[in-house]
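Each of the two complexes below includes chain A, the first together with chain B, the second together with chain C.
Let's look at the complex of A and B:
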């Protein structure tokens, strides 16, 4: 372990040494698409007039939408928090100027899906009044600085829109802090101009990040097609209090991809499924760095960004600093957009950007470029032809995948093979589709396949969960059933045991006999032994009847030897009464208990069941008593035979059902009461 | 609302097209074909014309049967290229139906019945060639001797007549045309060497024959050089990559050198192997067919080495004088396995680089 650690640190040392010697590495593949940056790369950053309305989407970043903290009609000041971040991966939304919240509604968003999102509409008052600023310094508490970055709503401004504070809050030991000024996508020059004009601000942001991350080396990487930016950044880095390496890297798309940039600068590859911090690297875009400096040192959160507006259809291309929420339509109008019957508005670069669906969508934090392209400039791809397996795609793939193989598997929807060939390591840079001689929309196939696999995985997960739940439920039900059976079996045994001790007879028969005996005893004093025989006959009849409904054997046995057992019968009655009383008490107390307990805790289903069982038992008992009473009353009538007949078993059953229902109802009531209590 | 065209990224595409790839390969055959004409006469052109015409007609017919878009598929130039490659492979004065049968089989069976361009396992031109070689071995091995050794001067109409009727306008049969001044039939250098070796001659003795000169076989050396030049142009244009040609030639050089050093009397030298028969044509124009070759660089090296080995083995120990077609078809079979085992390591899955 120790040797492993030392060899690792040795390796690290050599990498750092090589980096210090100016060594660079290469990533696999890459392409040289026409850069078309000439149009805007010399145009200074300029501003546009404040729009009449700003549309601030709550979903301008990767992660959870922000949650509004203002209401319609509120007046807000520039820099004021409009919506706070929701959860760890989320970002706040800030008022880009002072004004009034005129609406919070669903509105077009600057997103590939074209789906409307919750949006705060701000009507500027054109006073541009800042809220009170409380700037921090470089020496402020780390937690305070992180909190400030978080509250300032800063996300990765290079295009991905990942909340910046999350990356900076890493606990990992950081060897390399890489500042990404590569800007490898064609057309875009916003970072180029930012570096040319505001290098000091970028460096100030780097100093803050260095304070938080304590990296061993800091490298600003710029593609060598931006000589002015390289010079400017070198100049700015020289003024810094910390050591910052400015490195020109070969122009090769997609060198600005996070993973590729890390490989070029450090030779390291981010392991599949991990993040750069896992190998001790943090990458931030130059514009993000600049925004961090503003937020921390000036307390100016992200209210605007630089957007390159270019393409053949704008007469006044440029790098415009625009308030977040400005509609793209207005931005285009400002750049003297000449609409045609057909055009493409691309947000981002032509390689990884998306075609805008609604022109009224707003500029969001990650909108770095708007290309108004004529159909000749960025034509639709010609119809797809058969793959000739030329392997050009494989030669240019920066993830070193086999794009043509993936394409076959994607068309076959062969998810297993797609996973085997590491589809999810595809960064969708579009290099493969760019070089494909058969104009196969490879990336689109991969996107669809990824979505399908994600959907299938999710479906499977849900199905598994449902199945699991169902099986658990079956197991539970079976267990409950077994427990019930076990309980009733035990109870039956106990009863059996108790009865065999008493009279070797059935409980009902015994009860009947007891009542008979009681009655007989009452009449005994006045009447002749004749009556005794009548009573005996009745008892026999009773016993017989009950034997019909319950187990016949013990009843038959008992009916004959009632007389000599009178004394024991009386005793049994007393015992039964006592037992009943005891049970009643128990029920009451348990009811009380459950009510009390339930008010505090959740309802114990077991307890409720017990209560139900008790109530049922009670109902049964009442029924028995009733029956017994009926029997007793009937006995008073003259004709014995009639009496027996009138004890209608049907009636008894109905009574039982009613009693049960009553008990159930009572139970339900009780339960609902408990639930109410709980609430 | 204005019309916004919404398409998936990437929005700009490279200029390379399948049709351009195919056309470049066709153009690159020009030096080789010109050299063939120079040494063996215009017959070569007629064979190419017959094969191209057949290729286009049979492609159209089969596309119609398969209910595919004829125009789009024809425009990829792949059928035309197959025709040219097969036409180059056929002896210059072979009867016209040889080219027709071979091309029809190549296009219809070897390509379209497998699913069309991109789906065929075997190189169509080579499948057509092998079918012809096996079915009509006499016609397919009747290569003319180089013109400089011939005692007859053939006119343009002689070629047409010979191809379509079997005799020249002056009534000479192809067999008669192949007789040298000494009245002995002349075969290609590869064929001559093979026959002589079976007759008990040493390779050195065989090389004394008039069909050979100091560079190997008369004409063939230059034909190979010309095809190599075309191939280098393809490399320069990045239509093909270096891996397959280098591997084919390298492994042929390696194995023939070992064989020659071990047994110089019964085997041709490495130079003889490299600049004779279809070596350069095969290495640059046939083996590099992307559809039927391995895809990764590593895989292509393996694929090429295997072809080089097979050429040497079949030429030296097999029953046929040349081996390019067999070697390539056999190697085509190994492609799925090669592809499977030569997968590159995906970014972030290397393990040592973390």
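Let's look at the complex of A and C:
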């Protein structure tokens, strides 16, 4: 164990030594796509006019959508919190300017699917008034700084949109803090310009992160096709109070990928299914670093970002600092966009970006580039041909995967094999599709397969949970049943005990009981019982008869003569039942049933109940009928219902009741059967 | 002679040792439950809806293990039938009409209409409905399996089954199936 530890520390020492000596490594594969950065790499960052409306999606990041803390009509100030983070992996949404909240609705988002997400719509008042700022310093409490970064809604600005505070809150011992200024995708120059113009801000952010993470080495990595940025950052790093290494790395796509960059700079490989922090590395984008400096030292949360607008079809390309939530349409109009037929607008780079579905989608925190390319510039991919197993894709894969094999498995939906071949290590860089001679959209296959696997895993998780809950519920029901039985048993025992005690202890009570028993016996011994029974039968018959005559009063009178008490009880029950039926009627029936309820009250309780059931069934039936003639007008459906009522009400009623009873019986039988089966 | 004796002794000894080992293993690692039913149960969607005619997924799994028809699981759809057929090495029955893709739905209570009768709560097999007597009820969407069992008992028909909305999270990356709308310029 000790030897292992010492060898590990030795290895670490040698890596750090090698890094200090300026050593660099290579990742597997990689390609050289045309960079096409020339058009915008010298254009200074400029601003655009404040839009009439800002659309702030609550899902601008990876993880849970944010939860709004403002309501429609609220007046907000620049920098105010609009939606707070929900859960650990989530990010806050901030007001990019002052104004009023005009709506909170579903609105198209800057996402490849074009699915609408919950969005806060802010109408700016064009005063741009900041809320009160409470800046922190480098020496502030770590927890306070982290909290500030969290509340400022900072996510990774390089494109993936992972909440920045989560990475910085890691408990792992960090050896390397890497600041990613590689910007390896074609066209994009927003980070390049940020480094050229705002190096000091980036370095200030690095100092804050260094405070939080205490890394052994800090490296800013920039591809060697950005000489101005490298000089600017070297200059800024010299001014810093801490040691920062600025390293130019060879231009090779995708050197800006997190795992690839780590391998180039430190020779370390992030194991499958792990995150960089697990091997002691944290990577942050340069723009994220700049945003962190703003949030902590100036208390200015993320209100805008730099977006490269380029492509042959814009006359005024540039690197624009735009408020978050500006519609891409407006950005393009500002850049003097001339649309073509079958125009595609690409968000992000041409390798990993996507064609926008709706032009009114807003700029979100991770939108680093908008490309309005002509058809000649970025033509549609030719139709897919069969794989010829040339193996070129394997040669360029920066994640050391077998793209060709993955493609077969993805087409076959063989999830197990896909997992075995580490599909989830694919960073979707598109290098394999770039070199494919058969122009197979490989990445698209992987994305679909990944989504499928995620869905299956989620379904499985939900199924397991449902199973668990079902079983727990059955256990609970069984336990309740046992408890009820136990209770009634106990109550019975107590009753019995009390009775036996009474008869034992109280002689007077016993004597009284005896006397009572004797009296009862005497009464019974006379021919009263027979008489009683006969009388009851007569009463029943008479009651039935009277019920048929539909007037309850004479029935009550007649029964009065025979058996006053019984009759009274019966009458009470009848009244209660009628009342109940009437109440039920009120709840269930629509207005046209009220007349029925009136007549019911004057009839007999049993009939009333039946009538109530019928009424209910009718209500359901008419509803169904209405639904059936949904397209026709209401009058029509009413007349249909009426005719049904007049044609054969009695038969229908009987049928309905029978059907209901049968259904219930069948259900009960089935249940009992099932129970038997279970046993 | 002694060679023969030694050989016999060794072989007998080996036989005894392995016999004891096997005997011990058969007791120690005895499989109590029917492993096939367990495996089938894992393939079922666990909606506990009872549409197969059994009270829950586990009883149906046991019934299938004992030779019942494998096409009775409606929520599982064709995928489940295929998986069970694969597991049991039986052909997929042709008469299965479950070839539609199953759209996951969840129950939704129209809360204005709810009278608080608790009938749906009693019907829910996974305790996904919240509420009490004469109070409005509501469905915990994350726990709802979409089994439909709460719809029938409702006396005021205030429960609807609504399809689970597609979000950017559960989107399936089918690029050519994107619904688009024309925006007025």
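Here, the second predicted complex is superposed on the first by the 456 of 679 C-alpha atoms of A that agree within 3 Å, B and C clash if a C-alpha of one lies under 4 Å from a C-alpha of the other, contacts with A are read in each partner's own complex, and residues count from 1 in each chain.
The rule is short, and it goes like this: contacts are C-beta pairs under 8 Å (C-beta built on N, C-alpha and C of every residue); 3 or more make two chains touch, one makes a residue touch a chain.
The model shown is predicted, which means the values in this text are computed figures rather than measured ones.
Contacts of A:242 after superposition on the shared chain: neither chain B nor chain C is touched.
In the superposed model, A:404 lies in contact with chain B only, and not with chain C. When the two complexes are overlaid on their common chain A, residue A:455 makes contact with chain C while staying clear of chain B. By the touch criterion stated above, A:357 is placed in contact with chain B and with chain C alike. Once chain A of one complex is fitted onto chain A of the other, the partner contacts of A:444 extend to both chain B and chain C. When the two complexes are overlaid on their common chain A, residue A:473 makes contact with chain C while staying clear of chain B.
When the two complexes are overlaid on their common chain A, residue A:59 makes contact with chain C while staying clear of chain B. Among chain B and chain C, the chain that touches a larger number of residues in chain A is B. In the superposed pair of complexes, A:111 makes contact with chain C only, with no contact to chain B.
Chain A uses residues 114, 357-359, 444, 447 to touch chain B in one structure and chain C in the other.
Put simply, chain C touches chain A in their complex at residues 41, 44-48, 53-59, 63, 115, 125-128, 143, 145, 155-157, 166-168, 170-175, 178-180, 183.
Chain A meets chain C in the complex at residues 59, 109, 111-115, 117, 357-360, 444, 447-448, 450-452, 455, 458-459, 462-467, 469-470, 472-474, 587-588, 620, 623, 670-671, 674-675, 677-678.
Interface residues of chain A, counted against chain B in their complex, comprise 27-28, 31, 33-34, 114, 186, 259, 263, 267-274, 279, 339, 341-346, 350-359, 373, 375, 378, 380-383, 385-392, 394-395, 398-402, 404-405, 421-422, 425, 428, 430, 433-439, 441, 443-444, 447. Chain B contributes residues 1-14, 16-18, 20-21, 72, 76, 78, 116-119, 241, 290-291, 293, 295-297, 300, 339, 343-350, 353-354 to its touches with chain A in the complex.
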